[in-house]
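What follows is subunit A paired twice: with subunit B in the first complex and subunit C in the second.
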Partner chain A sequence: MRPLTGDRVRAVLAIAGRDVRTTYLSAFGVGCTAAFAGLAGVVLVVALRADQARLDTWFAPLYVALGLLACLLTTRSFAEEERSGGLELLLTAPVTPWQVVLGKLLGTALVVAVVGLSTAACPVLVAHLGHPDLGPIITGYIGVGVMGLAFVAVGLAVSASTSNPLVAAAGSAAVLLALWLSGVVGGGLRGLPQFVLEYVSPTQHVTGFLRGTLSVGDLTYFASLLVAGVGGAVVVLGERR
Partner chain B sequence: MRFEAVTRRFGSVTAIDAVSFELRPGEVVGLLGPNGAGKTTTMRVLSGYLQPDAGRVVVGDADIATDPVAARRLIGYLPESASPSRELTPRSYLAFSARLWGLRGGARKQAVSTALRHAGLDAVADQRIRSLSKGYRQRVGLAQALVHDPAVLVLDEPTSGLDPGQVTETRKLIARLGRQRTVILSSHLLSEVSALCRRVLIIDRGKVVADSDIASLTGSGGGRRLEVRVAADPSVVARALEGVVGVVSAVAGPDRVIVRGNGDDLADRVAAAVTGGDFGLVELRVEKESLEDAYLRLVQR
Partner chain C sequence: MGRRGQHRRGLVIAVVLVIVVLGGNVAAHAHDAELDLSAAHRFTLAADSSALARAVRSPLRVTAFLNAGGPEAVDARFLLARYHELNRRITYSVVDPDTQPGEAARFGVTQYSTVVLQYQGRRVDAPDATELSTSTAILRLLRHVSPTVCLLTGHGEAALDDTSPTGLSGVATLLRDNDYQTDVVNLAVGDGQVPQGCGVLAEIGARGPLLPAEVKAVNRYTDGHGRLLLAASSLTSGDPNPMILPWGIGFLGGLVLDPDRSLNQDPSDIVVQDLPSVSPVVDHVNELQFPAAGGLIIQPNLAQGLSVARLATSGPTSYDDTHPDAGFNFGPGDLAGPIVVAAAADRSALAPGSPAGLPAGAQHLERTRVVVTGSDIWLRNGFLGDLGNRRFLVNALAWLTDQDQLVAATSAPPNDRPLAFTGERQNEVIGVTVGAVPAGIVAAGSLPAIVGRRRRRRHRTGQR
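Coming up: the complex of A and B.
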């Protein structure tokens, strides 16, 4: 990978900017954001009706929805763009696969950030109603960002490997589900298999964010997913040539 | 631009096999071949979208395998199924393309407006691409290929799917562009290649079977087209002529047989076969081979 300087950074930003614009100029982007914000609102209302304004139980379903959102958003990154013929144009521009993948990652991450921000009214409302601990709210949103990036990277790697958007969405969901289920399977085992399977499951690593703590181990786990996803997408794009 | 013994395989299938040719500055070259001959693979390797398995492609001084970014800066590419971002307008899409090519500020604005003007897109520059006709969308593809003012244009079936009026407009545009830069275009339409190109490359089953000026290919290529009017049933005569040495094809019409083949004495041999078979030779006319005849002769043999 060459150092990202000058024109190379500008190309990454151009790809990211184009992807954000095309996402929000379509009903798809607006619909995803509205659906996520709506889900956040419904979960909060349900919690309030049960006289519980706990934000840890509010973030937990959002993390699951974040996985689904990453699957949907990343289908457009490569699979949909290849099907429409746009990817061929992009890959014949003077940009490297690294620039393309980083641009796509940044663009999708910005959409995830907008989606995350669209839920901000919920904690503000809870703060208005009572005196919530700010720690879990902040770490909860850090979790949305960190996990969103990692899931998007995994989705990019899957999306880069197919020109079929449905296969891309299903493939990303299958990978994330497999990671999630590895924790369940690991719970029934003992020794090293249990440790390994539970470690690769995101479930193990989100509880800290929900409780208001940040651990290097959890951040390292999601950073590893991010690097594996980005590296995988770059390798897949290179192989296609 | 040099294409040196380039081979590209997809699994066990060899799409192009040791293909070599050179594009000289300022020429418009047509790439012809039947479906599956390797045209699109050739264009994709030329554009840098695909890497060759063997051989090399050199653009200017840059090898497309070792210095792809520098090589691609010299190439403008229009894929067969170009579909720019449909949510954007032609102007914003071209601005995005210009950013990828490293153009900034005033230079970018200038490049975008020049590409819009060259491609005849001024009137629709601020409409969403999704709302444009196929012809205009094809022009947006052409404009993105032009936005960085490349020395070489690689156009894969640029008029595919357009209506006759749009085909004429697009051909005029390509002819205009070809005055200032090297253009290679692939097409199924021989009339299009005849109208736009002085030189053709014919590719068949992954190999170059002809690389020649159209004039020399049709004039002195050794190919002949004969019109043989006969008294007997033309379909019977056609079957008999298919066995004559040098005949590539014999197609029966209502009252004549069209024969394509090779060799200076082809007419003598055909006449002998018709008279020898007692088919009643009424008229035998030798015609200069057209590009279509040359193409059929080369890809059918």
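Coming up: the complex of A and C.
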């Protein structure tokens, strides 16, 4: 991989910008964002019924919804684009697989960021009604960002490996679900298998964000998912080229 | 680059990625650092707690019985996850006794806020899922010491295997659940000595007098840095004072009556709400139910090294009726409240000599601890589960056996952030988050399409 400078960065930004525009000029992008914001509102109502001004019980289901959203958004990145013929044009353009994948990652991450921002009214309302602990809200949103990037990267890798959007969405969801369930399986084991299975599960690493702590271990885990996802997508795309 | 070269390059990237990912995670796990942004750093374990968690060598199971929907359950999960993160041998679950009554019954748990820790076939109950309580319970499990509580018998005391409302089977269960061993001691037979292995000597509700030789044996035991739990009774023909006066506490007898703080329209069934000391014996205890209690008196001039704490006192309008048989009236000779109904004495002194494990010439702390209550009824099966009685007994035994506050961890303040989510507020939240925000997003998202359509229409009109 060559350093990203000058034209290369411009190419990455161009791919990202094109993806963001395409998403938000379609009913899909607007609908996803509005639906996520609405879902966040419903979850907030349920969370506040405990009569406590705390948002950890609000963030936890949002993280699950974020995984599903990442699966949907990344479907469009490669699989959908290949079906519409856009990917062929992109792969024959003078850009490297790294630039394509990073551009797609940046574009989808920007959409996830907008979706995350659309939920900002919830903590503002809770702060208006009560006195929530700000720490877990900050770390909760850091979790949204970190997890969003990681899940999108995993989704990109799956999306790059198939031309069928349905398979891409189901495949991404299956990978994330498998990661999630490994913690459940690991909980019933002992020793190294327990440690490994629990470690690879995101559930072990989201607790910190929910309670208001940031640990190097949790951030490294999600960074690993990001690196693995991006790397995997680059390798797959290189092979397909 | 040829097909084979491309393939080889992909393989190299994949191998490098695996190495980077694995190496990064191993390094992060080995040198994990953390930033705690929660209020008062609630979820950063004290050094003592971290060391304790790492010292666990066998599977340790923590089961917290809490209201699953309440904030305590969420905090308990967060806190117990910290222990699990430090040592995977520590596992935990939060169980709601209402939704899983079978599980609660299996553990003998009848109320919220009970945390059961199990380790190597032993069990210790903690009063709540705070760091201090959890770490103290872990330490007790790790110490491999199960103090023996010796119950005096032979004077009409209730039996530990008596399951009737007046029996002490509840005490026996509580002792077993908290990793204590029990022994029954009759000082009138055998060598008349309190056995060496007694960590605590308990005299609960004697109905007859102790023989002078028995009193001497008890005093010899306490003088020799023993630990005594004495639940006195107004219904006894004996006098417990020879055993407790040396420790600055006297038993007045009579019957403490508190018309304003009593239950069942019985002024002698008093509810103790004043727990004025900072003694760990009253930690997490808000109220006590002490039926048929006699008053205690604390001597004004205490010997050097002796301190006495008023653990529980009756209300300001209460009084100690010295002649209750003549009717419940405040009369001559009666003592006006508040009346002390539970007290704790501690005599500590540095003594020369070197117990095993200390270098020659070193001094060591010698300590006698005594807890006296003016009632024994609160320990009976019919009352042990009421109000804070059970907690009070657990605390008293832990204090007597030096197992209180074993961990110098600070207990984080409760994360109670009340928000009355009224119907009006609910409508406000729904209106904004489910109505206005999504509608605004749809409106904003439709703008480009509307603008584009108008432009196209204008363009078509211009062409005509």
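Going forward, the second predicted complex is superposed on the first by the 238 of 241 C-alpha atoms of A that agree within 3 Å, B and C clash if a C-alpha of one lies under 4 Å from a C-alpha of the other, contacts with A are read in each partner's own complex, and residues count from 1 in each chain.
The working rule: a contact is a pair of C-beta atoms (placed from the backbone, for glycine too) under 8 Å apart; a residue touches a chain by one contact, two chains touch by 3 or more.
Owing to the predicted nature of the structure, the values given are computational and were not obtained by experimental measurement.
Participant: Which partner does A:Leu25 contact after superposing on A: first (subunit B), second (subunit C), both, neither?
Facilitator: both
Participant: In the superposed arrangement, does A:Gly86 touch subunit B (first), subunit C (second), both or neither?
Facilitator: First partner only, subunit B.
Participant: Who does A:Asp7 touch here: subunit B (first), subunit C (second), both, or neither?
Facilitator: first
Participant: By residue count, is subunit A touched more by subunit B or by subunit C?
Facilitator: C
Participant: For A:Pro193, decide between first (touching subunit B), second (touching subunit C), both and neither.
Facilitator: Touch partners of A:Pro193: none, neither subunit B nor subunit C.
Participant: Does the superposition put A:Thr96 against subunit B (first), subunit C (second), both, or neither?
Facilitator: A:Thr96 contacts subunit B only, not subunit C.
Participant: I'd like to know which partner A:Ala37 touches here: subunit B for first, subunit C for second, both or neither.
Facilitator: second
Participant: Starting from the residues of subunit A touching subunit B, keep only those that also touch subunit C in the other complex, and list them.
Facilitator: In the superposed arrangement, which is not itself an observed complex, subunit A uses residues 25, 241 for both subunit B and subunit C.
Participant: Give every residue of subunit B touching subunit A within the complex, in rising order.
Facilitator: These residues of subunit B touch subunit A: 44, 47-51, 68-70, 72-73, 75, 77, 79, 81-88, 92, 96-97, 99-102, 104, 128, 141, 144.
Participant: For the complex, which residues does subunit C have touching subunit A?
Facilitator: The touching residues are 6-7, 9-10, 13-14, 17, 20-21, 24-25, 27-29, 31-39, 42-44, 59, 69-71, 74, 77-78, 81, 85, 88, 91, 415-421, 425-426, 428-430, 432-434, 437-439, 441-442, 444-446, 448-449.
Participant: What does subunit A use to touch subunit B in their complex?
Facilitator: Of all residues in subunit A, those touching subunit B are 7, 10-11, 14-15, 17-18, 21-22, 25-26, 84-86, 88-96, 241.
Participant: If we count contacts the way the header does, which residues on subunit A are in touch with subunit C in the complex?
Facilitator: 24-25, 27, 29-31, 33-35, 37-38, 40-42, 44-45, 48-54, 56-57, 118, 121-122, 125-126, 129-136, 138-139, 187, 190, 194-195, 198-199, 204, 207-208, 210-217, 219-221, 223-224, 227-228, 231-232, 234-235, 238-239, 241
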